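Across the two complexes that follow, subunit A remains constant while its partner is subunit B and subsequently subunit C.
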Partner chain A sequence: MIQPTSGTITPGRSGATQRRQVRTLPLLLPAVILLLLWSILPLLQTILYSFQHYNLMEPPSAYNGGLNYTYLFTDSSTWTAIWNSVVLVAGTLVASIVFGTIIALLLNNDFPGRNIARLMAIAPFFVMSPVAALIWKNLLLDPVSGLAGWLMTLVGFKPIAWFSVYPMVSIVIIYSWRWIPFATLILLTALQSLDTDQLEAARMDGAKGLARLRYIVLPHLGRPISIVVMLESIFMLSAFAVIYTTTNGGPGHATTTLTYMIFIRALNDFSIGSASAAGVFAIVLANILAFFLIRAVSRTLQA
Partner chain B sequence: MKPSLSSRVVLAILAWAAAFIMFFPILWMLVTAFKTEGQAIAIPPLLIFTPTLKSFFDATQNAGYLLFALNSVIVSVGSTVLAIAIAFPAAYALAFFPGKRTEFTLMWMLSTKMLPAVGVLMPIYLFLKNVHLLDTRLGLVGIDTLMNLPIVVWMLYSFFKDIPHEILEAARVDGVGPRQQMIHLLLPLAGPGVASTALLSVILAWNEAFWSINVTASHAGTLAAYIARFSAPEGLFWAKLSAASVLAVAPILVFGSLTQRRLVRGLTFGAVK
Partner chain C sequence: MGGLALGCLGITAAHATTLTIATVNNPDMLQMQKLSPQFTKETGIKLNWVVLPENTLRQRVTTDIATNSGNFDIVTVGSYEVPIWGKAGWLAPIKNLPASYDVKDLFPSVRNGLSYKGTLYALPFYAESSATYYRKDLFKAAGLTMPAHPTYTEIEKFAAKINDPSKGIYGICLRGLPGWGENMAYFTTLVNTFGGRWFNMKWQPRIDSPAWKKAANFYVNLEKKYGPPNVTSNGFTENLALFSQGKCGMWIDSTVAAGTLWDPKTSKVANEVGMVSAPVAVTPHGAHWLWAWALAMPKTTRHKADDMKFLEWATSKAYLKLVGKTFGWVQVPPGTRISTYDNPDYTKAAPFASKVKEAILSADPNNPTLKKVPYTGVQFVAIPQFEGIGTEVGQQIAAALAGQKSVDAALAQAQKATARTMKEAGYH
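And then the complex of A and B:
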């Protein structure tokens, strides 16, 4: 797991801290033990399985060296899946940062009905993924009876069968719809903590709206944006339910991400060894991202 | 010197347009839920129609739906109560008795949240199978508790940090033990924070789909799994599916709206307040 880079370690251990340690240990222990079991045991087991030929349909299992890993990295479908994951994460990130920032800035202004508008803009984040998937798949993007198809015929185009022609774009649209509000919520909260005196002073000094945006507001959003980037990357690497509900990884392998590939190998093929090797790889990838997130959070802890 | 009236009007219109566009898919689902199946797939889309509650009746008539709704309630509330009970003493210890390992402990807890679920799917699945907890509420409650525990500890910790140490210090000097301090001082003092933490935990467990889809079947599935699974056979019944979906997301939309600002702390591990 990740070793956080810690900056404030008090040297030595006085009698007082020792007494404290004794007293707080029973309070901490349940949480710590449970999380240890939850994070370490399955991880070790996944690593163990990844070195075995282990298929639930054909027991028993046997050590097979690094064969699962050799297959993993020589199989072209692995690289397709990794590429799909990159496209999904990057597409959703770009959309949610760009639109999330714009919407947060718009909603931060004072205007009539502001609170209701905020609730409306943030609401999609609270919609569970399978529902989000179905709204888009059936009601909006369906080529025959969907709203988007009807709008396109209105302006003289042919309706598009989104999930067959642009499957990954469709998935990115659905996830963006759920994650733009997340970025909006975080950035709006950050904007509300912006020192209004500073903005007022800049205004007094004659700084125009765009200049204030460029030199005061956007720099203030730098850190929250980086937090959104890291959190969303981690969540989106594990994106599952929308793909499961709409395309099932298809057509072909067009929307099979790394996560979805592991799911199919594990619970469709019951090929535990090869799923575990891919799982270890996904864990390593996520931990690289987590390292940066933890560093950023660690800094706020010390601030 | 305020910005000119016309630019404020333009910005207000843009803000409302953005909010409306984001909300529209939810609105459209809501509208469709009040249509008949025929109206739901009509092209051009019907804007004016006589609303009917038929789809809501049809959707909830299905015995599976009610069971899965009940499962959602039990799993999200059960896992939240457990997570708070386990996290509360831990957050108390971390916030009020910081030692040299406090920061490491917090960071390590955060790091367990980064483990991609799919990477440990097989061990957890096989474990649940071996102890006969596959497709049980208890199994799912356990998973959701552990899944949300780091966030709950962090969020409580963040709220506890805002409480002046002196209050608890004074109680300690008077000989009030940790248990009494937690129940009689900390809980009321941090009440709103604890409530938002519980709400976030309920929201995350209610909306959790990955584990629910993978470790439950017909007995312990939640609404997320119900809707994900029945999408294929009931794909043609849009009004019914919309009604089922409206009922599944409505409570969370209300909860989420009540407390959105405080949720940010939990969602960002205290990094944005």
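And then the complex of A and C:
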């Protein structure tokens, strides 16, 4: 007895909504399905592989429980790789924010040739990673034929084999060289939107240059800096080209990041199973990081 | 684009096929590519070349065959892959070679290395062993004579006397670039001759054995004292450049370098270079390697008959003659055919020929070590896991050479990682 009443009401309601708004689902569906196919299927495939003993050189593949994960978490080189990723991302972030802020402040002043200087400061960002890596490896940091080696012999030092003695520092230097311009670009744009009246008022109240920087300029840069942090971390987590072109992850595991480790497992060892397990782990880590980053950024945007 | 090409071909020539060939960007292969219009003229078969660096080639070809993609009709493979892929059924066997091909003329050790259970799976394009190169002028100036079969003790003594970094001359150049086909190819021969081995008969890694420690300490010490700076970034190509520019007193590496070093067009020291056998420490077993680059047909090819035509053409006596006439006899792909070494044109142009022949004939991949081993291969272990193992151990050796960690720590880490990989692969 109750059912028919509720039955008569519901169609009436939905009929009313139908008249007022267009059904959006059919319009969204093609895009949603494509997106699912594009992103979810490969992910599911990866998860599936991560539970298999699957080596390209040794077909066929077979389910092996969580063995790939057991091996992944008990392998000390996994933790080395994660630590290396953290060092690489953090090192590049610190360098690009510190130097990016300094360069942006300098370029914000008026001086002859400012436009050319700005262009030159931003140019490295448009050099492709492998090209940048080759330039640094062969022309700048090479102990025999590089500029750095030549400069050091000029002042009487022995040239340093950068990539074998300070491998991670070298990688961070190269990536910073590429990413400082990006930070400069964003911070410079932000500086240009800084209200000059405020600075003028502070100056008239007797605030010195350093105090104006500390209490007006830097707080104003907080928001763009958080955006730089988010974008750069996302890009740097998947950094690969420079490592591949210069050190190949070595010597030892000194520059093997999580990304490079997955590459080695998949395309050097051809062990798709363990590479997938490491890949799934990397996705989880990246999502945790992304969660906090996006929260931090949206907080600064709301403030 | 493939469909378009097929469509066009269908109109122009009913029988013309296009073969896709994957090969390495080594000088000898680039010559083959340059000479291939001759093949197209003779047979009407068109060729589509995919020329890649060694590591990239290996990745592309392996993934292509393993996933049945069938992009390649002919692939370039090495002594390491052929037995493994033959066993896995990834390569089509080479059958019905015509008498004119003279298969018996191929060096037996090379032919065996390209077979699995007596069946040939690839035809050799060039083959190499390893040897010691040295600078005659520097040895003369220092009052030294290089014996025909040096020992590692002598090599160390020579390196100390010749080393003169202030003049830009380093006592001895060796491979330091990590990789199973780079530093580990050389380093494995060093371990072999010091009496070591990768695995015992139970497939347990023996990297923590005294022989490995002795070999590693010797290598690190030698290169740190008498090697060029930045050794860990020097592979075969880098050392070839260093030696041909006159920066190395000695160099132990592939015999294929001889063609470049003796050619005045590519080498500043063409008149001063000498070649003797690879040095020996405790045992001659596995002191010099054996490697062949060969052409093979993946199981996925659709043009077997046409593939065979190209395989025979590129590895034939006639091809070697064609290279000799076009580029000069010193440039002929070495190490594959006995008849090359009986050819006066070649022996005159290549004074190193007899040494190369001796090295290739005496290398024995079936007995590579002093103690018995369950594997074949002198400078590699012919199991699918070796690419991963060799790369990992290569990194550890490079870390020790760069001074990032001690030799003992590097070997301990290498032993641990190898044991792990073998366990993961189900050997234990």
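Details
Note that the second predicted complex is superposed on the first by the 255 of 303 C-alpha atoms of A that agree within 3 Å, B and C clash if a C-alpha of one lies under 4 Å from a C-alpha of the other, contacts with A are read in each partner's own complex, and residues count from 1 in each chain.
Please note the rule applied: a contact is a pair of C-beta atoms (placed from the backbone, for glycine too) under 8 Å apart; a residue touches a chain by one contact, two chains touch by 3 or more.
Note that the structure is a prediction, hence the values are computed from the model and not measured.
Of the two partner chains placed by superposition, only subunit C is touched by A:249; subunit B is not. Partner contacting the larger number of subunit A residues, of subunit B and subunit C: B.
Contacts of A:213 after superposition on the shared chain: neither subunit B nor subunit C is touched. Contact with neither subunit B nor subunit C is seen for A:98 once the two complexes are overlaid on the shared chain. Once the two complexes are overlaid on the shared chain, A:267 sits against subunit B and subunit C alike. After overlaying the two complexes on the shared chain, residue contacts for A:201 are found with neither subunit B nor subunit C. Applying the stated contact rule after C-alpha superposition, one finds that A:55 touches subunit C and leaves subunit B untouched. By the touch criterion defined above, A:90 lies against neither subunit B nor subunit C after alignment on the C-alpha atoms of chain A.
Residue overlap on subunit A between the subunit B contacts of one complex and the subunit C contacts of the other covers 144, 267. Partner subunit B is touched in their complex by these residues of subunit A: 1-2, 4, 6, 8-10, 13, 17, 20-21, 23-24, 26-28, 30-32, 34-35, 38-39, 41-43, 45-46, 49, 102-103, 106-107, 109, 111-114, 116-140, 144-145, 147, 149-150, 177, 180-182, 185-186, 189-190, 192-193, 203-204, 209, 223-224, 227, 231, 234, 237-238, 240-241, 244-245, 259, 262-263, 266-267, 272, 275-276, 279-280, 282-283, 286-287, 289-290, 293-294, 296-298, 300-302. By the touch criterion given at the top, residues 53, 55-59, 67, 71, 75, 77, 142-144, 159, 161, 163-165, 248-254, 264-265, 267-271, 274 of subunit A touch subunit C in their complex. Of all residues in subunit B, those touching subunit A in their complex are 1, 3, 7-8, 11-12, 14-16, 18-20, 22-23, 25-26, 28-29, 32, 40-45, 86-87, 89-90, 92-94, 97, 99-100, 103-112, 114-125, 127, 146, 149-150, 153, 178, 203, 206-207, 209-210, 213-214, 223-225, 227-228, 231, 235, 238, 241-242, 245, 248-249, 252-253, 255-257, 260-261, 263-264, 267-273. For subunit C in complex with subunit A, the residues that touch the partner chain are 59, 62-63, 66-67, 84, 88, 178-179, 228-233, 384-385, 387-388, 391, 395-396, 398-399, 401-405, 410, 413, 417, 420-421, 424-426.
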